[in-house]
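See the structures that follow.
The same chain A turns up in both complexes below, where it pairs with chain B and then with chain C.
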Partner chain A sequence: MLMQTNRHTENSRDGLSGPVWFSLILLVSWLVLPLIPLAIWSVSRSWYFPDIIPSAFSLRAWNYVFSNTSDVLPALGVTTLIALCATLLSVIIGLPAGRALGLYQFRGKALVELLILAPTIVPGIAVALGLHVVFLSLGLAGSYLGVLIVHLIPTLPYMVLVMAGVFANYNPDTEAQARSLGASAIQTFFYVTLPAILPGLLIGSLFTFLVSWSQYILTLLIGGGRVVTLPLLLFNFASAGRNDITGAISMIYILPGVVLLLLGARHLTGRSRAVESLRQI
Partner chain B sequence: MYLISKICSELTSIWRTRHELLTRITPKVRCFKIKEPENMSRYPSFKNSIWRRLSFLVVIFTLVYFPLSAQATEKVGYENWDEVVATAKGGTVNWFMWGGADNINQYVTDYIGKELQKRHDISLNRIGINDTAEAVNIVLGEKQAGIDDNGSVDLIWINGGNFRTMKQGNLLFCGYHGLLPNNQFVNWQDPSIANDFGLSVDECEVPWNRAQFAFAYDSARTQSPPKSIPQLIGWVKENPGAFTYPAATDFNGSVFIRHVFYHAAGGPEALLGDFDQDKFDAVAPKAWAILNEMKPYLWREGTTYPNAIASLAQLFANREVALYFDYDPAIFGINVENGIFPETTRSYGLDDGTIGNTNYVAIPYNSPNKAAAMVAANFILSAAAQYEKAKPDVWGAAPAIDVGRLTKEEKSRFTELPRHPAVIDPAALSQKSLPELHPDWISAIEKGWQENVAK
Partner chain C sequence: MTDVSLEKLTKAYPGQTRPAVNDVSMHIDGGSLTALLGPSACGKSTILKMIAGLLPPTSGDIRFARQSVLQLPPNRRDAVMVFQNHLLFPYMTVGENIGFGLKMRHEPKKDIDRAVGRMLELVQLEDMGTRKPNQLSGGQQQRVALARALILRPKILLLDEPFSNLDANLRLEMQQLLNSLHQELGTTMLFVTHDKEEAVGLSSKIALILNGTLRQYASATVLYGQPKDEDVARFFGARNFVPGKCGPGYFDCALGRFTLPESVSSTGRLLTFRPENIVVGGDNILENSFHATLASKQFLGSQTVLGLQKGDIFFEALLSPQIAEPLQEGSTVSVHLPQRSLWILG
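Our next item is the complex of A and B:
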């Protein structure tokens, strides 16, 4: 079965048609083109409107970004750590929740789904101030833990909904088969469940990471300025019209997203075994 | 760097923060009010209902008024400066300030931070924010959560509407000027220092910089820029598309509109003091008429206005418009140094004068490091710190202290400072300085502009 799956993916890879190539190029340029001016800005000293390239270049922005004053490198570490932890927590919470929503029917399911969706519908700023008061009374404001927990509010909906979608197409009978063949619960999870849901799990994790990565107002309010992440530094300069420093910080800011996308891309296109086996039935 | 525009971006934020104050208090009141008719039907007796109403009032009174009055009478708690310095040793100051200018960030972190560490063993933690209202909101939230002695903000760069919000909400630590040794350099007799946008400072904040509105132009492109509002009106008509101003929601756009307002009123004198609807109604139509007269000759025929001063800077840099203006003339030199503006940029004030303000640092009432914050506030007032800040390659900001009160040596250091060619001499500019208006006036003008000019 494994060999069949591989052959299947290879076939589809060879068979990329003209329109697919076209849309692929369009997508890549749509993603990459906006980044080019940012990269040029980061090394330019003066760049006026009609000019195609800057009239003067300088490394001033990069010097500032890598200086101790700017806090960019510590902020990069803090942002990465918080986003990774938020992703991990989202997986721990979102996976069982998504499974329950995707596989089972129960009373009040629609309400639960709505409540999970709520943070993506309600604007963040509206809840941020109320949350701030709650976190203050819990003693979590101004701490890394507080920021990590508050990031779960916007990130969890993505994880839960993606996982609910994955489990809706998932056949739990494969788990029963594995168990009847003598696999333990843990073995079943790692050899049967996880491979089947891995592409979805990676997509959910990618979303979660990027949503946490880009939080501004929640980090600012709950962190109380003591937790400095990259968006905080970036917005300072973006709103001040400092295109050179904004460009330089942006280059650093997009790094993890690009790295994750490249790492994840291979897995995202893979077909899951459980879904495949369903198709063969 | 738009520092002044940002630090006091109250013009957009004042309503936000105030609105918050209101919405945070009203729900409590509302739930009492909703209950009331129910209570009345249950206790139909007239006496009872009066008592109910009274007790309701008393509850509201104690809920809202008592904590406020308790804060207002708070004592400073230090006998003398030595005691403050001793307490401050080893402390940390979390200073929230607009963080959009690398040179200011560097001055604060590298100079003030290092000096405080060296001289007083205080670590300065500069926290860059986008809008001063964000720091005000943090303190507001902490007050609501009952965190009265362990807040996260120790110092805020502030003025105008944000100061007003904090002072009126009793969110500030006040009454410590007598302790600060460097307070002697501040001329508190000057009304433009003793009042922050028309609101008395009352020892609730310490001046840091002074700023005064000025225009900039590219001397290589524009030979004779307009030097007064009437000249500007004529100039705009002769040079269609070469001028625009940011919308009133922007701090600098708003201050430009106030200059037109002053012109329409025949000077600022009539508009000073508390807001007066009759005076406003008499002047406003004239001001809107002037702005609407200019509108078809503005950039893009006035169909749109830049939403922020940064956009106007970009338009000026791209040579789309010929004039730029800013509340802080130091920005002209900094933008030239950063390569944003051409080397041939020059600046000037208006013949009738331009509006000036002072910006300050304030300590929130719930700061856990008040002593360290006071030492920091005292240090930024020192001749050394103000001199460093006045250097054109550091920041070029005008000193908030009265240079005349310094020793001869220190004074000559200030007078001998080189000035960036793009920046007008602050002394010449300040000879024709106009006062800033009360925040209520400013809000009324901004609202009026939206309704009568923008649409």
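Our next item is the complex of A and C:
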């Protein structure tokens, strides 16, 4: 029995079959190829139509990006901070909400689910325009807090839905068992609940972070130009025709996505060190 | 040894007309092995969860050694519950699972390891400590769950259908293990089951719960021989009920007049007698005997079921196949109901 399972995992690790390789290459080229021109742009001085590669290279764009006069580094900080806060808030709200939706049947459950899903269906611009009026009257427009709150609209559905899925396959009696074995409520959460939901929680956080990271319209409308995030800068330079700086900012902009995707992929395949290390506790 | 008292224990869920547990009062002796028996969804697991502190009762009281424990959270009650589906923590090894409770009490790792080793021995899983729960068989998993509870030396051990997911042989093995553990540790054990054979075989006293109420709380012999009412009798396999009237020391019904033993009260309107206690086909006409028609005969391997008819009254008898063999369907046979097999229901 034990040997069988070992052999099984060895098989799946060693021999990737033809179709798997093919789809892997397809996926990588689909993700990576569009980025190559941007990378080249970021180090080019002049690159005009018939040329395959730029006629002149320079680090001008990168120098600008990291200089004190550009807004890129502060924007990077703001974007990261807002995305992190949005993720944290989504966990705090989405975890109990997902638990309620996943574990319990209650009156009006379908309506709650619809309301949570609504922001992913309704066009963002319509929501943002309506919210702008409300936020103006609340004094939240043009503030970091306002932007953070508005980011929760598109991020929360991901967290809640992922957590609802996790809890739908979760037996709350495990917690009762831990309590009966002498664990306090807090111990139960850290030793029993958290390890069970951690993979889902990480996936949900990953989605949440990236959705907040890539918000443009909501940040623009609610932030009113006073809250400057990377996508806003990116759009500015792109529409100004500065392809070199656009390329350089893009490189920075995709960095967390790539890192999180690599981390997340490990969890999606269930071969996670993070989960494993927590199990050692 | 801690005794447990339930005082008018009631649990009502909102939106349900009938309480899940209704006014249950009983006293469980310290060090005893007691069964809560009943069909599924009769409220017996709810009672167990309330004793463990996992569900608050709507009203009533629970006392351990005459002290009310209602204010204590489950982790401070000294009553550990083992669930039906073992509920081992999948990401911990078997050893870590067993040591879980001690770890929650912040005991030194050395002590935990030693205690875990002892427990693995006690449940005969010496070499399994480093395995993950999913590498064990169902019976082994259930033994780990038992060890995980017993390592805490609880005053009260609560078992919710502990063996119902196991196959018959394994169940027998586990029952023997539980029995020997009970004798060795002297813990007050209370277990929930829907299987009356399991309850009879394991426990000194059985509480029969039907529809959330405690119907009878007694030893197995009493529940089989002297059930309190028709529902209790039916639950324990009684099939013969004959209406009639009681007189001083006798019962009159369509089958005739039967002399009752002195121990049986002469009030009540329903006579019952267990199918296995009926004597069929005797020659002598004894007291409490009559003739009936043998309507049907069914061979069940170790027993034969006879369907007997007298007038409108139909009743069943269980006989050993050897004795039943010569009896012909459709023939008239003599039937004797021994005095001590008679019981009158209210």
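Definition applied: the second predicted complex is superposed on the first by the 242 of 281 C-alpha atoms of A that agree within 3 Å, B and C clash if a C-alpha of one lies under 4 Å from a C-alpha of the other, contacts with A are read in each partner's own complex, and residues count from 1 in each chain.
Throughout what follows, a residue touches a chain if its C-beta (ideal position, glycine included) is under 8 Å from a C-beta of that chain, and two chains touch if they have at least 3 such contacts.
The shown structure was predicted, so the numbers you read here are calculated from the model rather than taken from an experiment.
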First (chain B), second (chain C), both or neither touched by A:32: neither
Contacts of A:192 with chain B and chain C, given as first, second, both or neither: second
Which of chain B and chain C A:168 touches, first, second, both or neither: neither
Touching partner for A:228 - first (chain B), second (chain C), both, neither: first
Which partner reaches more residues of chain A (counting touched residues only), chain B or chain C: B
Partner chain in contact with A:179 - chain B first, chain C second, else both or neither: second
Partner chain in contact with A:258 - chain B first, chain C second, else both or neither: neither
Touching partner for A:236 - first (chain B), second (chain C), both, neither: first
Residues on chain B engaged by chain A in the complex (per definition of touch): 1-2, 6, 20, 94, 96, 98-102, 105-106, 109-110, 125, 127-130, 134-135, 137-138, 141-142, 144-147, 152-153, 308-311, 313-314, 317-320, 338-340
Interface residues, chain A side, partner chain C - complex: 1-2, 171, 173-174, 176-185, 187, 191-192, 195-196, 275, 278-279
In the complex with chain B, residue positions of chain A that touch it: 44-50, 56, 58, 60, 64, 67-70, 129, 132-133, 136-137, 141-142, 220-221, 224-226, 228, 232-233, 235-237, 239-242, 244-245
Partner chain A, residues of chain C touching it in the complex: 49, 52-54, 73-76, 79-81, 83, 85, 87, 89, 91-92, 100-101, 104-105, 135, 148-149, 152, 158
